[in-house]
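Below are structures written as structure tokens.
One chain, subunit A, links the two complexes that follow: it is found with subunit B in the first and with subunit C in the second.
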Partner chain A sequence: MASLAAKGAEAEAARGLGNVAFVGVLVVAAVAIFGVTRLFGNDYAFFAAYVVVQYIVLGTAWNILGGYTGYVNFGITAFFAIGAYSSVVLYKLTPWLPLPVMIVVGGVMAALVGLGTGYLTLRLRGVFFSIATLALAVVVQTLITNWDFVGGARGAYVLRPKLAPLIGGAYIEYLFLVMLGLCVVALATARAIERSALGYGFAAIRDDEAAAEASGVPTLKLKLIATALSGGFMGMAGAPLPYYVTYLDPSSGFSLNYAVNAIAMPLIGGTSSWLGPVIGAVLVGGVQEYIRVTISSAVNVLVAGVLMVAFVILAPQGIVGLFQRKR
Partner chain B sequence: MSALLHVSGLSKRFGGFTALQDIELEVQPGERLGLIGPNGSGKSTLVNCICGTLHNETGSVRFAGEGLDGLTAHARTRRGLARSFQLPRPFASLTLAENLRIPILYAVNARSGHHLTGKAIEERCGELLGHVGLADKAQRLPRDLTQIEMRKLELARAMAAEPRLLIADESMAGLSHGEVDEILALLIRLNGEGVTVIMIEHIMRAVMAFSQRLAVLVAGRKIADGDPKDVVRDPEVVRAYLGE
Partner chain C sequence: MDVSLGLLTNAVISGLLLGGFYAAVSIGVAISFGMLDIVNIAHPAVILLGSYVAFIGNTVFGIDPILATIILAPAFYVLGMAAYQIYYVAFERRDDQSLRGLSFFFGILFIAEVGLILGFGVDYRSVQAWYTQGNLDLFVVELPWRLLVPFLLGLVMVAGLQVFLSRTFVGRAIQAVAQDQGALRLMAANPAKIKRIAFGLSFATAAVAGAALIIIQPVEPSIGREYIGRIFAICVLGGLGSFPGMVIAAVTLGIVESLTSTFFGPSWAPAVAFGVLLVTLAVRPNGILGR
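Then we have the complex of A and B:
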């Protein structure tokens, strides 16, 4: 966990880097984190670190729509579970498919759902959009619960291979490595967006949609790009889940934890920058993991909730905002 | 000479309320048109219909020989139609320079033959802010601006889209005498550079100084259109403003 924080600091120093160089820094950081996690010499370190990195991806995904574009999505579990259940389907149909391919498929499925939902709901503003996404989560959960092929309400078992492909060792090491890779892609994408015309378009939409249109910003198109990207990364974050939990049922795939954390982490870290979700996920995810081991796994959501309330009151711009006395 | 903007038979209803009825309006290239009317007469609604923020039920809007009906607001901006909002609507989280960057990236760069990048965009933003006297505040946020500076930013952002027609919707409301003159000079200079300008305004001193032609809207209908000196003496216009 300390190494994840170090990664944040290292990346902070990388401000001003080009996109390619930034990816280089992220890859080096990811390899370093993987190496450090291996030093612990037990599987638990990987299980714990996987969750934190998964939340970085999920928080970053949420932030692309919620932080950059200003549309608050409460339907995180819908996209996350679409990724997870698409892996269950692929596991049943084509179990030989490599995990990264499953992740891409899960991401594409979730991105398509994001695109469709976006098209139907993005005419709604503010809280109405949020309620529509909440409804989406309920609809998807109902569909999955009644779909026998993926286990329905009973849930589905996924047998995790004993050994990790390519790197050897336990399979969780491979899962963690894949999630790290996904994290690199998500962070590089988020940062590239921030500095591109797309990022400025998103910011214009967030600040004033009518003024954005009047300035030539194709708001509907950009919002659809944001929902598709955001949904896609959420789906990708969820795709390895069946292999992580090995038994996936709707109540765990659609757990409130994911939705609360994916919103709380960017808000706590700061929504204005890619670094916000990283800081939020490391902080909240780390505390939650510590409490899970020392006190109880039921206190998780409480931690996120209390921290979120505290930050909304004390530091509405998040941790990044505290250091970013902007202009 | 064919008109740059041609509005014909335009009507707009909000439920049972008719906001605009059968509006006919032509604006020639390079012209300075004043548009006046009492509060609630439909001036801003007309701007919104011309710019695509609202959709008119009947009638059509043609711009530079092309029908705009059915086009979104951003598509119209890209074709060279820009507007400033009556109440300034800056992008609050972006600096002044970044505020101007949006229309450059999305309106100017969307046109063929244009593509500003990196340094060129920064220079253009600085130049535009210089035009309105805000160059030293390029890195500030809109919340640091005074009322008149906010109006200037609003105009600068509309100008950043490099429009052929600029519609300034009450850019002077609430400003002092001297500030009105500043904005007026700005609009006249812009017109001198070849931009056609429609000015919507209540301040008659500014309207008379600015307009080559004056159109009057009352209760959703255009009741007068012509030489400003004649229009303000028109008995119907006088009645609309002063009552029977």
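Then we have the complex of A and C:
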């Protein structure tokens, strides 16, 4: 936890940095977090930290579309599971493929699905896109359940290698390192978007789409870019999942928890900047892990839902917004 | 594949009956989404709440499941009015319906589902009544009561609400809200008050639809999600806010789903609604009877 506070302090200092320097700061923070996690000396620290970092990636991915353009994607599980199941397919066909390559493939698959869904529904009002993504989650689950090659309803087993490549130690350390790397890429992308013409275009769509369109902002194109990027990162976050859980079946891969967490975390942290999903994921993920260990795993899933409803009603700008108002 | 005429007739008839039931579960969203422009994606969770009311009424107190939900429908009405009040104060008045309003209902959906899991577990629950088994024998075809009763219930609800909306003062005010809120305000009527009543009504229909659901199939807490795609596919296909269009869409979806599960297997049926929804949105977003 100390390292996370350190990361927050560094992030404060990074406010005025350029994109390259920002990536440098993120990499330093990631290495520091990895080092501190290793100090715990047991695998549990890695398993717990992996989940939090995975949610930072998922929350950031959701925020690129939801927070920046204002379009709500409820089909997180669809994109996440597409990433996870493309890894299952690759594991069965080409098990020698390194994990980062699998992540890229999973990301591309999810991005393509996002592009397709977006192309069909993003020309309409935003709610239709949201409803379509809700239904997308059900249909992708139906397809996977009926697809015997990836185990169908029975699920698929994936053998996790005993030793981590490159760094040595347990494989979970490698998984965690890969997820940290993905997190650096996602955060750097999100922050670069915020400060680019693309980000201003997204914000224009969020604030008044008709006015943006009238001023010559290519709204459909920008929305499709956001959907593909967002879906792609969700797919990438899901790609290592089979190796993390080692047994993947449709009902756990499509668990509503992923969707609720990925939406709740940016909304709780604040949707206007890249920092929001990080704060939300660390806070909610940390609290959930604490409750899971101390109270029960049934109550822990409720936390995100209750916090999300409370925040959208009482603090619509999230935690980041609370601090901005005070200043 | 062996396509016999009898199998086809049976699939079409049970699809038709299923369609009446789909009309019952969709009518609440036809009101909230179609008329009030409130995207209540938590509606299936409210329907499930109705199913569990029917379940408790039936197993604990031994009363008829439909009767149980009709007795408790006023409580759902009040719950709906309260939900609208929160929505109005927190989102509609702030003009922040899309991102946070949608997330609000999504959160409610999730909390309701987890709450039901904590309260009742993940076991399938069902009810007992004279119509949960047996058939109505009509010489040529046999109609299972289990499908026929929800079908009739759906049609009665749609017809009743249609009469209410076109004949009564409040009903006409609800239709006026759907058409032009600003004009309603000029007539010195309060749109928020009318919308509160209408949203309460949509919750009350969900209670009765819940009884229909638990008659048709055993329920468990996560079953509601399957209905989100169905309900919104029906409402969009039917043209938002049009009851006749909704009934046609519900029956169409029922028949297509029934044919799909007869000829390709029941595990494919949930995907049908999504296909219908996507094609409608891409080709004819105003629905078949759209304005």
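FYI, the second predicted complex is superposed on the first by the 322 of 327 C-alpha atoms of A that agree within 3 Å, B and C clash if a C-alpha of one lies under 4 Å from a C-alpha of the other, contacts with A are read in each partner's own complex, and residues count from 1 in each chain.
Throughout what follows, a residue touches a chain if its C-beta (ideal position, glycine included) is under 8 Å from a C-beta of that chain, and two chains touch if they have at least 3 such contacts.
Remember, predicted model here, so these are calculated numbers, not experimental data.
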item: Partner chain(s) touched by A:301 [first = subunit B, second = subunit C, both, neither]; value: second
item: Which of subunit B and subunit C A:161 touches, first, second, both or neither; value: neither
item: Greater residue coverage of subunit A in the superposed arrangement, subunit B or subunit C; value: C
item: Contacts of A:210 with subunit B and subunit C, given as first, second, both or neither; value: first
item: Partner chain(s) touched by A:197 [first = subunit B, second = subunit C, both, neither]; value: first
item: Which of subunit B and subunit C A:18 touches, first, second, both or neither; value: neither
item: Partner chain in contact with A:218 - subunit B first, subunit C second, else both or neither; value: first
item: Touching both subunit B and subunit C, residues of subunit A; value: none
item: Residue numbers on subunit A that touch subunit C, as the complex places them; value: 66, 70, 72, 74, 117, 120-121, 124, 126-128, 130-132, 134-139, 141-143, 145-146, 153, 256, 259-260, 263-264, 267, 271, 298, 301-302, 304-306, 308-309, 312-313, 316
item: Touch list for subunit B against partner subunit A, complex; value: 51-53, 72-75, 77-78, 82-83, 85, 89-95, 98, 101-103, 105-110, 139-141, 157-158, 160-161
item: Subunit B-facing residues of subunit A, complex; value: 197, 200-201, 203-204, 206-208, 210-220, 272, 326-327
item: Residue ranges of subunit C touching subunit A (in the complex, touch as defined); value: 39, 41, 86, 90-91, 94, 96, 98-100, 102-104, 106-108, 110-111, 113-115, 117-118, 222, 225-226, 228-229, 232-233, 236, 265, 267-268, 270-271, 273-275, 277-278, 281-282, 285
